[in-house]
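What follows is one structure encoded as structure tokens, with my remarks underneath.
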């Protein structure tokens, strides 16, 4: 349907976005790549010579590397699991007729608007603090010994905080998807006497598969980069050091830019493997 | 919706939903409440709920220490500016991919999304050095560009999925009527695309407003937005819950209010093509 | 048409932004500690007197450190005055990143700065950062609880005295913990404290060949002692507690003792914030029976001018104001002597009015007990007491700190923590080319 003219016009319209993103990706990435082959220590005067793949070997060889990869997978996976499962349940609930639906929806989506730094600070201090936090008061009220959230169950605490922030996003997308479900189909199934669980399993869940993939994809992109919440809560202590945080420690705390840059390149590679894998699935959906 | 339910079922739905809604909202509510307490009340055990002497003292202290309006203004400029600039670039790109697809379209789209995977901490040094060269450190302009770029892939993707749902036959019909490219965009597509554009704009304002890495690292005094404002209240000496709450409330209130008022628009377009 | 207008105004806006603020405006980066906030509050007087406008960038300590280090290492030039510590000053001065403060006028009286502070902030005989306040560490304890326990705190306690007092004062049912100490990870948090404990037990970070010494028996003894104290008599969640958390606990009356910075003395004796203000006693940081190194540290928050600033003269003028004798008097006049930034000037401690402040004497004695050039029992190749003055320290200190924090949280034993810290430190030192 497209003419030659409109095709070249289209290319022209696409160009700015592509060029900008290409520059945004290539320039820093190239610089990072160059740094990663150098011994580059700003506090010792910067460039100290080329070292080949030494930084790469060192970054992976460090005893902190694999735990960091594990933590990253655990946190991303945990948040995805919680937000998708609770998101579906919450979306199903919000789809039901009720009084004050609009207000409930406003309450539910609110956490998504909160700055990550504020989220971290509020949870850490006002809720999870073992002495003055609200959860500690609650535990004491029931005669329990307050949980020291950030050091007793650190990864779980981070997952909890992050999930709180992202649950609204998942819920919203899933809710829109549920609302688009043909209600006649559902009612027909209801008439046939199909039990609730089977209706959910055979009609609703397949319908949601595309929305779920998208929630997973978008959230993963953001979750891999999570930084602020860890920075203000545990600062990477107690096994909450993710790959992103490890790179931060190399570049900014140790001021070893070469080593950190090598870590950055690893992170890009890992993220892209993950992305390719995900996009295979989503890409199929995009074609549909 | 045609589904009918008994009043009893509706009542149960309502009760459960409200309890969950309030539970999810509770941390925000608690922060707002705490911001009106004294520091001693803020950590009181058992906690004080609604019946205390509400005070604006914390807001006064925060305002006295930091010039809130300047941080707020910077946040508005950066969030608004990056979204506006981003839309200028993203709308044509998404339009062309949605309506004049080539066999490269999907790859380009996926590649764009993959640029978001670049870990910010890994490229802080290069970006900082580039910013020094260009004299962009601590400028709203530089920050606006960066925030625009990190959100651009999401914008393009969101718009693309939205535009794709606009049926092609309408365009064909418009062309038959002799509409040119310009008319096609202005009179046919735009009205249909408004909900998608609106929710893309809203989502991006939210993301830009809350971006906490670049905004903190590329600014000092002049361009610092509300994310930097919060960083000065995060753990000072002595009791600080009430002041932290006041500062937090001030930082999130504008975006929370915007989000609530526009939640219908936000929700309508926030599908990323999830709905078929 | 509309578009062109938008462009025009955008260009104008960009120009305004690029040209920046007017000539006489200083950008000051500082920490969100009480004394600095007070300085910001009083700085109107400076602007009034000189016409120099001030732009404040007040950040939480960790964020501040990262921001200023990043900026100075890349010559970013975003700040005209930076608040830095005793750790950064000599390292940055050696790189030529700081402006020497020898140009301060005669009435500033540079010789009045406490010798320990001046030594720690100088490089090759020149002062590079002017101390805004200085501190050592000491024991703060509850006189009422000690009395109830029938104990007396000596002015120069040993670790055994501390352990006995902690055991006697702990009363979990009443919510009182015998001792509060730093547990939160960070080179400026738990590692500052643990390093002083290690020093007093005869341990050291590196031998003369820069080989990490965390596998030595002295370290094990020191860390085990620290861990036992904090596990048995410390508050729950101690692994998350830094200076601020412990301050809050002490002010609420939940600590029998608190071993931390001398500056805390003015906060815990301030009746506005502290419920125990009138029953706090002070003692020197402990030593080990028979060893002469005490667990004192030495630190100063100081103002420095990054080389390359366009506003060197104005910045010098501000430093001359904020760290002067007059500033101390200004604070005394407005807020009382107890709130004067401590630990920077000899004349303050010679002032009879200040001598009446309950913690003045012990603060000075603590500062004088610290010797950064000779921090350990065995010889070391570095200076610094609670830190090692090399650029890699912030990295290794924090990595090691996280292992010890894990230990305090009960997630590993002292042996494991030390072994892992030793490995991490060795890694980092190799990566840095030692």
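All chains are identified by letter, namely A, B and C, in their written order; residue positions are counted from 1 within each chain.
By our rule, contacts are C-beta pairs under 8 Å (C-beta built on N, C-alpha and C of every residue); 3 or more make two chains touch, one makes a residue touch a chain.
No experiment lies behind these values; they were computed from the predicted model shown.
**Q** Could you quickly compare A-C and A-B and let me know which has more C-beta contacts?
**A** By number of C-beta pairs in contact, A-B is the larger.
**Q** Taking each chain's centre as the mean of its Cα atoms, which chain lies farthest from chain A?
**A** C
**Q** Nearest whole angstrom, what separates the Cα centre of chain A from the Cα centre of chain C?
**A** Result: the chain centres lie 35 Å from each other.
**Q** Taking the mean of the CA coordinates per chain, how far is chain A from chain B in Å?
**A** About 15 Å, centre to centre.
**Q** Listing for chain C: what residues touch at least two other chains?
**A** Residue numbers touching two or more other chains: 66, 70, 74, 248.
**Q** Name the residues of chain A that each touch 2 or more other chains.
**A** Those would be 132, 252.
**Q** Of all residues in chain B, which are in touch with two or more distinct other chains?
**A** Residues 43, 124-125, 129, 231, 233-235, 240 of chain B each touch two or more of the other chains.
**Q** What residues of chain A sit close enough to touch chain C in their complex?
**A** So the residues of chain A in touch with chain C come to 39, 41-45, 48, 58, 61-64, 129-132, 145-146, 148, 150-152, 231, 234-239, 241, 249-250, 252-256, 259.
**Q** Name, in rising order, each residue of chain A that touches chain B in their complex.
**A** 1-2, 6-7, 9-11, 13-14, 16-18, 20-21, 24-25, 27-29, 31-32, 35, 90, 93-94, 96-101, 103-118, 121-123, 125-127, 132, 134, 137, 140-141, 164, 167-168, 172-177, 180, 183, 187, 210-211, 214-215, 217-218, 221, 224-225, 227-228, 232, 243-244, 247-248, 251-252, 257, 260-261, 263-265, 267-268, 271-272, 275, 279, 283, 285-288
**Q** Show which residues of chain B lie in contact with chain A when the two form their complex.
**A** 1-3, 5, 9-10, 13-14, 16-18, 20-22, 24-25, 27-28, 30-31, 34, 42-43, 45-47, 89-90, 92-93, 95-97, 99-100, 102, 106, 108-110, 112-127, 129-130, 149, 152-154, 156, 161, 168, 172, 181, 206, 209-210, 212-213, 226-227, 230-231, 233-235, 240-241, 244-245, 248, 251-252, 255-256, 259-260, 263, 266-268, 270-276
**Q** Mind listing the chain B positions that touch chain C in their complex?
**A** For this pair, the touching residues of chain B are 43, 64-66, 124-125, 128-129, 131-132, 135, 137-141, 216-217, 220-224, 228, 231-240.
**Q** Please give the residue numbers of chain C that touch chain B in the complex, ascending.
**A** By the definition above, chain C touches chain B via 13-14, 17-18, 20-21, 27, 29, 32-34, 37, 40-41, 55-61, 63, 66-67, 70-71, 74-79, 242-244, 247-248, 251-252, 267, 273.
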